[in-house]
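Chain nomenclature is as follows: A, B, C and D, assigned in order of appearance, with residue numbering initiated at 1 for each chain independently.
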Amino acid sequence: MNLLDLLSPAGWPILVPFLAAIVLALVPSWRWGAWINTGAATLCFLAACQLPWLVGPAGKFLFVDRLAAHFSLLTAFVAMTTGWFSLTYVRAEIAARRINRHRLRLYHAMFQTFVGAMMLALLSNNLGVTWLAVETATIAAVLVVGLPRTAEAVAASWKFFIVCGVGIALALFGTFVLYLAALPALGPGLAPMSWSELLPAAARCNGTVLNLAFVFFLVGYGTKAGLAPLHAWMPDAHAEGPTPVSAVLAGSILNVALFVILRLRSLMATNEAAGGGAIAPGPAIMTLGLLSLLLAAFSLWRRRDVKRFFAFSTIEQSGVAAFAFGLGGPAATFAGLLHMTLHTLTKAGIFQCIGRAAQLKGGQKFTDISGLLVSHRLLGLTLAAGIITLAALPPFGLFASEFLIVIETLRRAPLLALPFGIGIVVGAWALIWRLQTLCLGTPTQDRGPAPSALMLAPVWLHLGIILFLGLARPAPIVAWMVAIARSLG
Amino acid sequence: MIFFSALLAQLLHVALMLAAAPVLIGAIRLVKARLLGRRGPPLLQPWRDIFRLLRKQPVLADGASIVFRAAPFVSLAATAAAAALVPSFALGMALGPVSDLLVIAGLLGLARGATALAGMDVGTAFGGIGSSREMTFSVYAEPAFLLVIFTLTLLAGSTNLDVIATLLHDGALGLRASLGLVLVALLTVALAENGRIPVDNPATHLELTMVHEAMVLEYSGRDLALIEAGTALKLLVWLSLIAAIFTPIGVAPSFALLAWPLGVASWIVKISLLALALAAFETSIAKMRVFRVPEFLGIALLLGLLAAVFLFVSTGIV
Amino acid sequence: MPLRIAFGALPYDMAHLLGGAMLVLSFALLYQRRVTAVINIYALQGIVLAVAAAWQGFIQDAPHLYLTALLAFVGKAVVIPVALHRIIRRLEIHREIETALGIFPSMILGVALVVLSILVVLPTTLQAQAQTLTREDLAIALSVVLLGLLMMITRRNALTQVIGFMSLENGLVLAAIGIAGMPLVVELSAAFLVMVAFIVCGVFFFHIRERFDSLDLHHLDQVGETHR
Amino acid sequence: MALPLLAAIVVALLGLGVVGAVAPPRKNLVHGGCAGFSAVGAVLSLGLLLAPGAATMSVPIGLPGMSMHLAVDSLSAIFLLLLFVTASAAAIFALDAHGDEETRALPFFPVFIGAMALSLLAADSFSLLFGFELMSLSSWAMVLYRHTEETSRDAGLLYLGMAAFSAACLIPAFGLLSTGLSGDIDLRFAALRALPPEGWRAVFVLVLVVLGAGAKAGLVPLHVWLPLAHPAAPSHVSALMSGAMTKVALYVIIRVLFDLCGPAQPLWWGFPLLVMGAASAVLGALRANMESDLKSVLAASTVENVGFIAIGIGLALIARGADLSSLAALALAGALLHALTHGVFKTLLFLGAGAAQHGGGSRVLQRLGGLVHRMPITTLCMIVGCVGLAALPPGPGFASEWLLFQAVLAAPRIGGLGLQTMMAVLAALMALAAALGAAAAVRLLGVAFLGRPRTPRVAAAEEARAPARWAMLGLAGLCGVLGLFPGLALGLIEPALRLLVRADLSRQIGPLTVQPAADMPGYGAPMIAALLLVAGGAAFLAIRRWAVPGHRRGPAWACGFAAPPAWLPFGDPVTQYGGASFAQPLRRALGTALLAARERVDMPRPGETRPARFSVTARDPADAFLSAPIGWTREKLVDIADSMQFLTIRRLLSVMFVVLVLFLAVVAGIEAS
C-alpha cells in the first residue's frame, strides 16, 4: 500500500476534505468555519474536475476508472453546492437558535470528513479501504444527524448507527469472502482486494465463492443504499439531520453503496458469462430494487414530514436505479447510471429548497408549508420544477432515463414492467399531490427569513444541468457514459 | 326529359303534401268526433284556422328573443324539407338521391330542436316542461327509429328512402316477419314523434299534461299558424313514410306521367286509411303518464332489435 | 508461504479446536440469561479469539496477526468487559435478560443457522482451491456471525444486543484471520473496534437501560440545549 | 420544406412559453404570437394535405445516442391542421383574457400547443411521448390556474394522475413495439413499422395503447377526470383540451393501431374500442344532460364525441381485419371527420362558454339565462356550435355521424350473428347518444342563453369584445363550411385513408355529396341546406306577403301564478325551467340506472319558515366500480407499506437477518442443485 498516491492529482479530491476537516476541527469561530467549509468543498470539486482526464492505469492505492471518476465528480459537485447552501443555512439556523454555535465546529469538521470519506470510498483501489471509508462516512454522518440534539434526531442517529453498523459488518464479511474467491486467480497479497486486479481476473475467480460474497455485499451495502426492506433507517436519518447533510446523504451515500454493488455486479456477470460458476446477479438486485420502488411509492402517501417524504422518494429512485442495474446490459446500465446521476442532482436541489422552505415557515411538516408559489414565487417555482423532475415528467432528464429503463425492461423482463409501472405511477402521483400542497393553495404564515435569489442559485444550477441533460445531450458526455455502461456490461 | 318529369313530380309532391297536411288533421279530428258521437268540425277547418291566424298580429311574451321568432320558420322549413324527401305518389323524384332516412330523421330532429328552444326562450315553466319532455321522448324514440332504419337498410343495402321504397315496390324483398315487427315499431315511434295519444294529447287544454302544446303555448297569430302547419305536415310526413315503405302498391315511377293519377289516388287512399286507423286508435285508448313513455318506446326498441335479429337469422347473410 | 496443513496435523487440529470453542461460546452467549454471565462469556470469547489469531499468526508465519491477537485481547477480553460491568453498575440495569424468543427455540434456530452456514460455505468453497482449514474456519466464522445477529434480534436488552453485535464482530475477525495471506486484517479489525467502542459509548451516553430504542435523553437538556 | 417550418413553429411556441414566464407578463405578445404561429402552422398543414407527401427530418436532441425524429404524413397533417386552427382561434380569443388568474396560465399556453404539435410531428416513440407528457404537464399547470380552490386542486391531481397512468401504459406499449428488433434499440417509427408485433405482444400493445391513450382521450371507464379537469382550466385552454388534446390521444391510437402495428392484425382488435366507444357515447351524453356547470356539460359531451370517434376507429379495425377495406375506409373517414368537426365546434362552444362566463359572471347553468338579449353574437355562435353538438343536418357534426352510421349499417356484411346483433345494438346506442346529445344541446342553450336572466349580473351581461368575437365568429364560419361541405373536409382526409387502410374513397366524395359507396345515393349537405333555405325563405316571403305585419308584446302566460314583486322586473327567475328540472325525466328514467342519480326533497312542514330544498346526487359508474376500488386498494397497500416503517431497531435487524438468511438459503439451494 502506498499512501503517497494520495499526493498525486487523483488524490487531491480526497486529501482536500480531510485536511479541511482537520483545520475545521481546530478553528473555533463558526463564521470562519462556514467559509472554510464552503471553500474546501469548492476546492474539492475543482480537484475532482480533473478526474476524467486522469482515467488510466491504476495506482497501488487509487484507482480512477471512468465509473469512479463519474461518481466522484458527481459527489464532489453535490458536496460543493451543498457547501454553498450550508453557508447561509447555518447562519439562519444560528439566528433561529435551532443549533448551538459550539456544535458547528463538529458539524463542519464532520461535513468534510464525510465528503472525504466518500471520495476515498469511490477512488480507492482497495476493497478494504473502501469499506473503511464507508465506515468513516457512516460515523461522520451519525454524528451530524444527531447534532440538533432533539430527541428525534438523536434517536434517528442511533438507529442509523446500529443498523448501518450491522450492515457494514456484513459488508466486511463479504469483503473477506471476496478475497477468498479471488485468491485462486490472483494469489495472496493485496491483489485480490484491488478493484483494478479483480475486474480483469473476474473470469478466473471462484464463482461459487463469489456468490457468497455477493450475498453479503448486497445485504451490507444494500442497507447503506436504502434498498427495501433494509431501508427503514433512512427516512429517519434524512428527516432529522441538518438539511445540508440530508442533501449530501440523499445524493451521495447511496451512490457510494450502489457503486460498490455495481462493481461487484460486473464482476459476477463476467464470471457468470465465462462459466465460472457465479449466479447471475441481476435477479437479486432487481428484486430489491423493485421492492424498494413499490414500498417507497406506497409509503409516500402517508408522510406528514416533508424531508421524510423526500427520503422515501430517494428510496424509490434508488430502487429504480438498482432495478436498471439489475436488468443488465449496456443500455439498461446506461439508463440506470443516467437515472442515478440526474436523481442525485435533483434530490440535492430539492433538499436545498426544502431546507429554505422549512426555515422560512419554521417547520418541516406539510401542514407548515403551503402556497409557496403564491407567497414566494421563486422558491415555489424552483421547488415545483424539482418535484416535476422527480416525478419523471418532461422536459427534464429523468423522463428520458425512466423511458429507457421501461423499454429495456420490456426487452429483457417484460413481466416486470407491470409492477415497475405501478410503482412509478403511484410514486409520481404522490409527488404531484405533495407538489400541489406545498406550492399551491393558500400560503401559510412565514416564521423565518425568505431566501434570496442568490441563495437559490445552486438549485438552478442543478436544474439547469438536468434540463440540459434531459434535452440536449452533448456528445462527449453521452460517449463518456456509454463507455462506462459498456465497461460494466 | 326524365329529369324534368322528376322535377315536376317533386314540385307536385311538395304542393300535394303542403295542401294535404291540414286536411289530414281535419280528417282525423272529424273521424274522432264522429266516433265519439259528435258532429265535429269541417274537414277544412285547419286550413281556415291557419288563414285566420295569419291575419292576426302575434303577441310576443316579454322575454321572447329572436330565437322565439325564428323558430317557427326553422321548424316549418325543416319539416317541409323532410316532406320533400319522403315520397308520396311517385318514386324517383328529383330529390330522390338525397332522400336519406337518416337525413329525414335529422331534419325532423332539427324541427324539434328549434321548437324546443322556442319553448325555453320565453322563460316560463310550461315552455320548459314541454321542451324537456319533447327532447326526452325523442331520446327514447330515436334508437327505435334507427333500428327500423337498420333493418330496412339490411334489406335494401342503402339508407336512401327512395331506393328502399323502390325495392319494396318492385317486390324484390318479399314479405318478411321482420317487416311486420318493423311496422309495429315504426308506428309506435310515429305516435310518439307526433305527440299523439297515448304519448301526448294534441287536444289537451290542461298545461301540466301537455307536451308539444306546452312547448308552443306562447305562440299566437301568424307564428302559431306556422307552428300548426308544421305540426300537421310532420304527421303527414310520418304517415307517408309508413305508406311508402309498407304499402308500396300503386306508387308511380316519376318518369311515367300517366301513372301519376293512379299514384295520387292510391296515396290518398293509403293516408286516409292510416288516418282512420289513427283516429280509431286514439279514441280507444287513454293517454299514459309521462314516466310510462320510456317503457312504451322501449317496446318499440326491442321490436326493432328483434326485427334486425330475425333478419340476420332468416337471410343468408349470417 | 503457509505450511501444508492436513487432518491430524497439529496446526489444523488446534485451529479447528479454537474455532469450535468460539462457536460453543457463541451458543453459550445465546443460552445465558444473566447479563453479567453474558459479559464474562464474551470476555472468554475474546480470549479464545486472541489465541486463535496468535495461532494463525504462528502457522501462517504472519507476524501482523500477533498484533491482531493483542488488539483482541486488550479490547475484547479486558477493556470492553470491564466497561460493560461498570455500565451495569452505573445504570442499574436489570440482571435478567428479557428475550423476544425463548432460550430453547433460539438454540434450535442457532443450530439451524450453523447447519445453513455449513451448507452454504462448504459446497461453495469446494473448488476454491482453498485449504480445508480455511473452509472450515469460514463456516465457523459465518456461524458465529449469524449467531451474533440472532442474539441481537432475539434479546430485548440493549446490553445483550451490544454483546451480540460484538460477538458478530468476533466472527468477522475469525474469518479474517483464517484466510491465509489476508492483508489489512489489523487495520480493518482495529477500525471495527472503533465502531464497537462507539456503540458502547452510545449505550453509556444515552443511558440506554432496557432497549436500543429507549434512549434516555433527559441529561441532554442539562447541557444547556434549546429544545424545539 | 413544410416540415422544418413546422418544427420551427414548435420551437418558437416553446420559446414563447419562456416569454410568458418573464415578469411582467407580456400577455398580448404571447397570445398574439401563438395565434400567428398557429395560423402559419395551419396554412402549412393545409398545404401538406392538398399536396400530400411524406417528409422526415431529425434533430440532434432527445435520447442519448439517438436523435429526435420528426415526420409529417397525411394522417398527422389532419390533426396538425385541427390543432393549429383551434389553437389560433383560442389564442385570438385569449387576447381578450382578463384578470390575474388567467395570466398564470400564460407561460404554459404556448408550451401546450407546441407540445401537442410535437407529439403529432414525432416520428419516433420517445419524441411522441415526450410531447405527449409535456402536453399533459403544461395543461395540468393550467388546470390549476385557480389553485386556491380545493376543487381545482383535486381536479389537477386526478388529472396528472391519469396522465401518469397514460404514460405508464404508452411507454411500455412503445417498448413492446420495439422489442421485436434485435440489437440496439431503434425507436424510429420506420423501424417499428418494419417489424409489426405478433401474438401476445400485439395483444399487449393493443391493450396498453387503448388504456393509455384512451385515458387521455376520456374513454369510459377512464373518463372520470375529464369532466372535472377540462372545465377547471381557463376557457381558451379548456377549448384546446377538449378540441385538440383529446384528438392527439386519438391520433396516437390511430397511429399505433393502424400504422405501426401493420395491417395483419385480427378482426377482434376493434372490439375493445367499439365497446368503450359505445359506453363513452351513451354515458357522456347522459352526463351532459345532468351536469349543472356550463363547461362541465361541454366536457361531458366531449366524452360522448370521443366515444363516437372511438366507435369509428374500432369499426375500421374490425373491417380491416375482415379485409373489407372500403368499409374500413368509411368508418375511419367518419372517425376522422368527426374528430375534425368536433374539434372545431367544441372549441367554439368552450370559447362561447368562456365569453358567457365572463359576461354573465358565472358558468353555473342555474345562475345564467337570457344571455341572448345581451350577448347576441355569442349566442349565435353557441347555437351554431350546438347544432354540431346535436348532430343535426346540415350542421357540422351530422355528416360525420352519418358516415359512422353508414359504417355501422354496413358492418353486418362481415358476418357472424354475434357481430351482427352487436351492430344492431351499437346502432341503437349511437342513436340514443345522438338524441341525448341533442337534448343536452337544447338544455344548454335553453337554460343558459334563452329564457329570463336568473341574476342581476346576467341581466347586465356584456357582449364579448372584438378579438374574442372574431375568434368565435371565425370558428362558427368554419363550422358552417364543415357542415355544408363535408366533402371538402373528406377530400383532405382521403389521402390518410389511402395510407392507413389502402382504400380509395375519391369516387365517393364530391363537393356536393358524400356517398357510402360509389354507386349509392348519399348525403348531399348543400342540397339539404338549399332545400331548407328555400323552404324557410318561401315561408318567410309568404308571411311577408300574406300575413299581418308587426307584433305586440305582452306578459307570458303563467297559469294564474301571482304577479312577481316589483323588484323582480323580469319576473321571478326561478319560476322557469332550470338545468336540473330540464333533465328530470331523463334523470328518473336513465339516470337512476346508469348514474345512480338520487333525488332528495327536503320539504318543511306547514308552518316552518325554512325553505324547501331539492337536491340531486349522482355518481358515475366508473367512480363506483373503478375509482373507488382503486382508491381502496391503494389505501390497503399504503397500510402494508406503512407497517414497514417506524420499526424498532430490533425489528429492523430482524428484517435484515431474514433477508440475509433467505439469500444464503438460495445460494445453498443453488449449490445443492
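As a convention for this text, contacts are C-beta pairs under 8 Å (C-beta built on N, C-alpha and C of every residue); 3 or more make two chains touch, one makes a residue touch a chain.
Every value quoted in this text rests on a predicted model; they were computed, and no experiment measured them.
Across the structure, the highest number of inter-chain C-beta contacts is found for B-D.
Centroid to centroid, with C-alpha atoms defining each point, chain A and chain B lie 77 Å apart. We define each chain's centre as the mean of its Cα atoms; on that basis chain A and chain C are separated by 31 Å. Separating the CA-averaged centres of chain B and chain C is a span of 99 Å. We define each chain's centre as the mean of its Cα atoms; on that basis chain A and chain D are separated by 43 Å. Within chain A, contacts with two or more other chains are made by residues 158-159, 162, 166, 170, 208, 211-212. For chain D, the set of residues that touch two or more other chains comprises 649, 653, 656, 660, 664, 667, 671. The multi-chain contact residues of chain C, meaning those touching 2 or more other chains, are 120, 123-124, 149, 152, 212-213. Listed by chain label, the pairs that touch are A-C, A-D, B-D, C-D. Contact residues on chain D toward chain C in their complex (touch as defined above): 648-650, 653-654, 656-657, 660-661, 664-665, 667-668, 671-672.
In the complex of the two chains, the chain D residues touching chain B come out as 369-370, 372-373, 376, 379, 383, 387, 390-393, 398, 402, 405-406, 409, 412-413, 415-417, 420-421, 423-425, 427-432, 434-436, 438-439, 441-443, 445-447, 450-452, 513, 516, 520-524, 527-528, 531-533, 535-536, 539-540, 543, 546-559, 570-571, 573, 575-578, 581-586, 588-590.
Chain C contributes residues 100, 113, 116-117, 119-120, 123-124, 146, 149-150, 152-153, 156, 161, 211-213 to its touches with chain D in the complex. On the chain C side of its complex with chain A, the touching residues are 120-121, 123-130, 134, 138, 141-142, 145, 149, 152, 165, 168-169, 171-172, 175-176, 179-184, 187-188, 191-192, 194-195, 198-199, 202, 206, 212-213, 215, 217, 220, 223, 225-228.
For chain D in complex with chain A, the touching residues are 61-65, 126, 129-130, 133-134, 136-137, 140, 144, 147-148, 150, 153, 156-157, 160-161, 164-165, 167-169, 171-172, 174-176, 178-179, 184-185, 187, 634, 637-638, 640-642, 644-647, 649, 652-653, 655-656, 659-660, 663-664, 667, 670-671.
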